[in-house]
Each structure stands twice: as structure tokens, then as C-alpha cells.
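Notes follow once the structure below has been shown.
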Amino acid sequence: MTGWLAENFVSILNGFAIGSLLFILAVGLSLVFGMLDVLNLGHGALYLIGAYVGYQFTGGVSSWTGFLTALAVAALFGLLAGLILSVATRPLVGRGHLDQALLTLGVALVVAEVISIMFGDDVQNVPAPPGLDDSVQVLGNAYPAYRLALIGVGAVLAIVVWLVIEKTSLGALIRASVSDREMVSCLGVDDRKVKAGVFAFGSMLAAVAGVLGGPVYGARTGLDETVLLLALVVVVIGGLGSVRGALIGALVIGQVESLGRALLPDFASFLLFGALALVLVVAPRGLFGSKVGAA
Amino acid sequence: MSALLELRGVGRTFGALKAVDGVDLAVESGARHALIGPNGAGKSTLFRLISGELAVTSGAVWLSGTDVTKMSQVGRANNGVVQTMQHSSLFLTQTAAQNVALAAQRHRGSARWLLPRRQQKVHARVTELLEAVGLVEASSVVVAALSHGQRRQLEIAVALACEPDLLLMDEPAAGMSLAESAQLTELVRSLPREITVVIVEHDLDIVFALAQRVTVMHLGKVLLTGSPEEVRTSRAVQEAYLGTGNRGDLFDPAPANSGPTQGGPESNVWTQGRPDSGMDGGT
Amino acid sequence: MPVAGLIALGVLILLAAVPLFVAPFQTSMLARMLIFALLAVSLDLLVGVTGLPSLGHAAYFGVGAYAAGLVAKHWTAAAPVPLLAAVGISALAAVATGWLAVRSHGVFFLMLTLAIGELIAQLAASWSGVTGGDNGLSGIPAVEVAGQPLTLVGYVYWYVLLFAVVGFVVIWAVSRSPFGAALRGIRDNEPRMRSLGYSPFRYKLTGFVLAGAVAGLAGGLFASQQFSLVTPADLGFTTSALALLAVAVGGAGSLWGPAIGAALVVLVRDVYGPDLGGHGTLVLGAAFIMAVYVLRNGIAGLAMSRFRRSGRKEDAV
């Protein structure tokens, strides 16, 4: 077994790196759906914005100022976008989740086209900042330092989010809202601000993920669809509204995407579908889900 | 004669709550059986256990001598177990006639046909049922536009269209006017003996007018099953509903220096322990 | 009802007369509209009639297109064999994926179908040995009727019109049948349907497969057009989203509304799109947003409410 591990070590590490990125991306989607019952189909477009912000501010050159500026700008864009979306979906609250999802879909199409108009359709490179653009030796294998850093960032975020959700009163409010939204509003808590905040935070994470994912995936049109698909699979497997679920789901899908593709390159799509099918047959609400999306 | 419906030790827990606890019940074929009890007694839950909407956590449900405990709601519905809902559950965007037709086509028509069909038998049955419940003028009205009482009537028509052997009626008269309740009572009275009726009702006039046997539930358990007279005079039932077996105690607490209270030698919750009752602790 | 029948007949006659009066380019544009309309109508069976909002329906369209193209290229282009292959294989794909999808509802179903659709598109892109990968499947020979390949635009148009009408009639007939009534019941109140003795899973899966098969038929027609090229993009998220837009704009549940919505979508994207630098999708995205806020029941909803106000009684949809 150790021989196999050593051979596939790089793939496994890649799996963690991708999983880390997916967690940052998917946790916002999961929380927004859990708390607001809004399926934000524009989540992939937010990632795309982040990716192109990363491209724009690094200009294809490895630099810390460029990278950090990109992160800040993307975060800002994400926060604003989240606030706008939360306001835009409010009048649709009585009309059901489908209408809200369709609205975000329209926004996603518009954003993707605007970016295509602004930047063209070529694949763009986003280099890692200096110091992280080399490889390091990990257990006898050369591995890109940036991806290790990515794993670290994901782990830190997971801990921070877990602390907030489990240990703070804000977190308690979020958990309660995911469980039973109407009850919480009956308690007289002004959940509109909390909801707008969660939407903004989740969207910010998506945009930041776009920047962080730049050195791994670059920036190109169509990335929003790929990324949305992965985020959805993660969220469906992990269970809507569950941070733990988003983490486990992200790690699982990360490995499927990485190790799976390495071992069975012709069956990659089947693997993803298979993982989805397997989880849903055994646990229809996802591994940690507490609610099935209502009509 | 074997009972149409038999519940043996049926129970349902939700976490720590025992909504239904060890219920034994036998309903003979053709019976008119009422299920009463204070709110929270578990009557609606029991209905859901019988129809299969909810699974039992203990015990067994027998239908016409067959153990159907593991059978799904769909299976039981196709075996003649039909329920009317406490809160009308209908197809809001469709007309009254279409609602009844959906039920009728399943049991008398060709619900699986992929091509349009005339279905004369179904339409005839629909008209027949709507007439029976008094809704025939409203047959082309969309359910969303029907009044509450009309929807309750439609509930019954839909249930009857399912050709029930066992008809479970959950508070059918809730929210109905006096005239509508009377109409309902007449309708249930006129149902053929092939249909066994179990009815949950709070309106005791209807219960005593229709039922031959009454089961009283309290806190998830069966308190008593007997004839309407037995139930009406049972002290245990009164205590369950009212907290006391003594009607007098409800409105007339003993004055400060009087002797034993009227109405009975037993002590009761209303006078025991009151500081100025002046009683010697009651007997 | 007779009025609707007369209108339908009139529209059919008009459509049939098109190649006699309209230039070839516009004729082939109309053929594309018919194809996309068939896709949208098949989606409406799912969305409007059964209440299952699918964002992955284009997958079955694409599967049908690839199947028809491959059969025409490697076996025979004689009609209606490629179309039969399209319908058969897309139905199989719908069964293989539908059993998982229809266990969920509402937005969850939306997510699942989106994921499934994207996965099928990825499959098409990576299986380059068979499908030509990202470059797509090209070199599909023209359809042959009675041994003669159809090369004139007008004949191809009539071929498309014939089968589009067949597909539309199938969906319409199912919608008006007892089975269709059951689907509407499931849409309105699934738990109640269970208590009436219906097994919702079987009905939904059958509806899903029917819708997928007709989408496959549309795909087969797509592949039979002249100089056709089938790419993974035809299966993907954007196509599915545009189909859903057509349904939303046209009015879910009405069947004819989505057909008109589809024509509008094709008009904006393919006719006006080149004027917008190929970014017609931008306008469509904006239309999506507007449709959600303003056109609650779509074009059909607007038409029906005007119809009702003029005093006619309409069946509930």
C-alpha cells in the first residue's frame, strides 16, 4: 500500500489543494441556501470575476502587491455583489425558490458575457506570488509551494468558520435559521441584516476563491460553469446549510477530481456522477443535510 | 368475524415524545367508529399510522387479516384505506371536478393512459359524487376560489372517489356551519355498509349521532373503547377532558368555612390544599 | 377548444408554406426555431406540467444529436433511422439519470439536473474518439429520404417541420391524457397523490423519460440540418438555461407559450446576436431577469388573462 501511496502522493496532495479551494467556494453557496433558501446560480460567475480580477491585477507577473491587491479588490466585489443579490432576491421571497434561482441564473449569464466582452475568450495565466511559485520537496516529491499554501489557507478558513458557527451567538443564529427560518424570524431577531451579511460573506468567499484559484486554474470563459458544477456537487453531497458537509464534500470531490482523474482518466465524468449517485441513494439529503430543497 | 382493521400495540415515538403508545384497536367491517380525545391525544397521528403516511415505531397494523405494517401509503391506498385530511389537501390550480377525477381515474379509469381518453365512466362518477356532497354547481370552479366549507365537502368527494373499504375522516366538520354539518352527518349516514368509517371529531353531536362504538384516546394511549353511552358517562373520560370527574368542581369552589363540598366525597384538585378552604384536608 | 384548433391549423399551414415564400437563409433560421421550440416544449412537460424545474435538459437534446449524427455518418442516413436512434438513445440516457434525479424536488432537483447535464457535456467533450471532443462532430451527411439526400433547404425544413409537429403532438397528447392529469396532480400536491394511491416516482420518471426522448428527437433534427456541427456546448449549461428561459418567458405549463419563447430566444441569439458581436446571450440574460420580475406567467399567462377577461371559460392548466 505504501508503494501505491508514494506513486499517487502528488495526486492526493492535489486532491487536498483542490478540495481546499472547493471548500472556500462551496461553503458560501451552502450557507446562503441553508439560511435564505436561495440557490445562487451566479456563484460560479463570482468565482470568474475573482479569477479575472486576479489576472488584471497581477498582469501575468508574479508579484505580492499584485496578488494581494487582487484579493482585496475581489473581496470587495464579492461583498458588494452579495449585498446586491440579497436585495434583488428579497421581493421574490413569496414566489418560491425557483424564481430566485432563475434570477441568479440571469445574473450569471449577464456577468459571464460581460467578462467575455471585456477580456476576450483566451485562456489567461495568473502566476503565483514570488516565494510560492517554486516547488518544495515533500516526502521526496517536488510539489508546487503555492498549492501547499492553498491547503493551509483552506484549513485556516475551515477553523475560523467552524469557530464562528459553533462558538458565537451569530453562529447560533445562523444554525437556527438553517434549521427553521420562520421560527427565527418569529423570535423578533432582525434577520435581514444577518441574511444580507451571510450572502455578502458567501459571495466574497467565492470571488476570493477565484483569485486563489488563479495559479491553479487560470482565468478563462466557461470556468464559471465548471466551477459551479463542482460547487453544486460538493453542496449536494455535503448537505445544504452544513459547513461540515461542505468541508467533507469538498475533500471528497477534490480527491475524485484529482486522484480519480489520475487513476481513471477516461471515466472522470462517471466518477463524479457516481459519487453523486452513491451519496444521494444512501443519504437523500446529503451527508450532513438537514433539509431537502423545497419547491 | 375478523376485524377489518386491527391495531396491535401500535406505537409511534418522535425522539423522546410518545405520540402514540401501545394502542390496541379493532374495527369491525361496516362499523361506524368514532375516535375522540383532547387535543394532543394522538388521534391524527394514529390516523397517519393507519394510512401509512407515517411508519410505526412499534406494533403492527392488520387490514382484513393481512399484516400491512410494512406496506407503503400508496399500497394501502390501493387496498382501500382512504383518509380525508384535517386541513384540506387538494389540488389548488384545478377545478373541483378535476380534483375528484384524479381520484376516480385511479380507481375506475385508466390513470396510466398516455393518450387523451374520453373516460365516460370517470366523468359519470365525478358528477355522481359531486351531487352527493352538494357541490355540483361548483364543479368547474377552481379550488383556490372555493370557500372553506366547500373545500371540506370536496375532500369527502375525493375520498369517496377512491372507492374506500376503510374511510378515515379526520375532523371532517371542522369549520363547517350548522347546516353543512347536518348535511355531512346525513352523507356519512347514507354511506353503504361496505365502507367502514372511522371518524375523528370534536363535535360530539356528530359523534353520538353517527357512531356505534367510540374510542377515547388520551396522551397517546387508549383510555376506553365502548358504546357512546358508556363513554358519555365514564368518569375517566371526563377527567381526561376536563381535569376532573366532578362537574361541580369546575365552577363552584368550596366556600371558606363550609363542610365537605357538594357533589362527592372525594377530594379534588380544585379544593385540596387551598389555604382558606377551611376544610380538614377533605376526605 | 375549436378556436384553438383553428388557430393551430392556421399556424401549421403558414409554417408549411414558408419555403415557398421565404429566402433560404430565413428558412433555415425558422428550422432552427422549430427545433429549439420542440426542445422547449419537451422541457415544459417537466417544468410546467410536472413541476420539475430542470436545468440539464439540453443533455438529452445533445445525446440525441450525437446519436443521429453518428448513425448518419457511420451507418445510414436514411430517414427516419437517425431520428429513431436519437429518440432511443436519449430515452436510455434519461432513464439512466432520471431515476436519481426525480427522487428530489424543487431547487434540489434543479441542482441535480444541472450537475447531470454538465457531466454528460463533459463526457461528450472528453470522449473524443467517438464524439470529436471539443471540436464536435462534423461531416454529418444529409438526411436521405427514399434514397435521395435532402440538400435543398426547403426540403430539410419540411422534414424538420414534420417531425417537430409529431413531437409537439406527442407532448400535447400526453399533457391532455389521464397520465398528464396525474402529473399535474403531482405538481400541485404530491403527498395527496400518494394518499390517492399514485406512485409519484413512477409517474415522474416516465414523464422525465418522455421529455428526454422528445428532446432527443429535437436533437436528431438538429443533426439533420445542412452543414450541421454538434458540439458539447449544445449539451451544456447555457443551452439548458436558454431552454428554461424560453419556458419561463413563454409561460410554463401552456406548451405553446414555450414554443414562442423559444422562437424569441433563437431570434435574439442567432438573428440579432451577430450584430451584438456574438453576445446575444447578454440580452437573453437580461431578459431572464426581467421575465422573473415582470412576466410572472409568461406570454401565455398574459394571453390567457386577456382571454379570460373577454368572458370565456378556460380549463385550469
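Going by the order they are written in, the chains are A, B and C; count residues from 1 in each one.
Keep in mind that, in the parts below, a contact is a pair of C-beta atoms (placed from the backbone, for glycine too) under 8 Å apart; a residue touches a chain by one contact, two chains touch by 3 or more.
What you are looking at is a predicted structure, and each value in this text was computed from that prediction instead of being measured.
For this structure, the chains sharing the highest number of C-beta contacts are A-C. When every chain is reduced to the mean of its CA atoms, the largest separation from chain C belongs to B.
In terms of their C-alpha centroids, the spacing between chain B and chain C amounts to 47 Å. Chain geometry summary: the mean Cα position of chain A and that of chain C are 32 Å apart. Computed from the mean C-alpha positions, the centre of chain A lies at a distance of 50 Å from the centre of chain B.
Chain contact summary for the complex, chain C toward chain B: residues 173-174, 176-179, 181-182, 184-185, 188-189, 191-199, 210, 313, 315-317. The residues of chain A lying in touch with chain C in their complex are 33, 37, 39, 41, 91-92, 95-99, 101-103, 105-110, 112-114, 116-117, 225-226, 228-229, 232-233, 235-236, 240, 266, 268-270, 272-273, 276-277, 280-281, 284, 292-295. Against chain C, in their complex, chain B makes its touches with residues 51, 53, 73-74, 77-78, 82-83, 85, 89-95, 98, 101-103, 105-107, 109-117, 119, 140, 142, 158, 162. Those residues of chain C that touch chain A in the complex are listed here as 51, 53, 55, 97, 100, 103-112, 114-116, 118-120, 122-123, 126-127, 236-238, 241, 244-245, 248, 277, 279, 281-282, 284-289, 291-293, 296.
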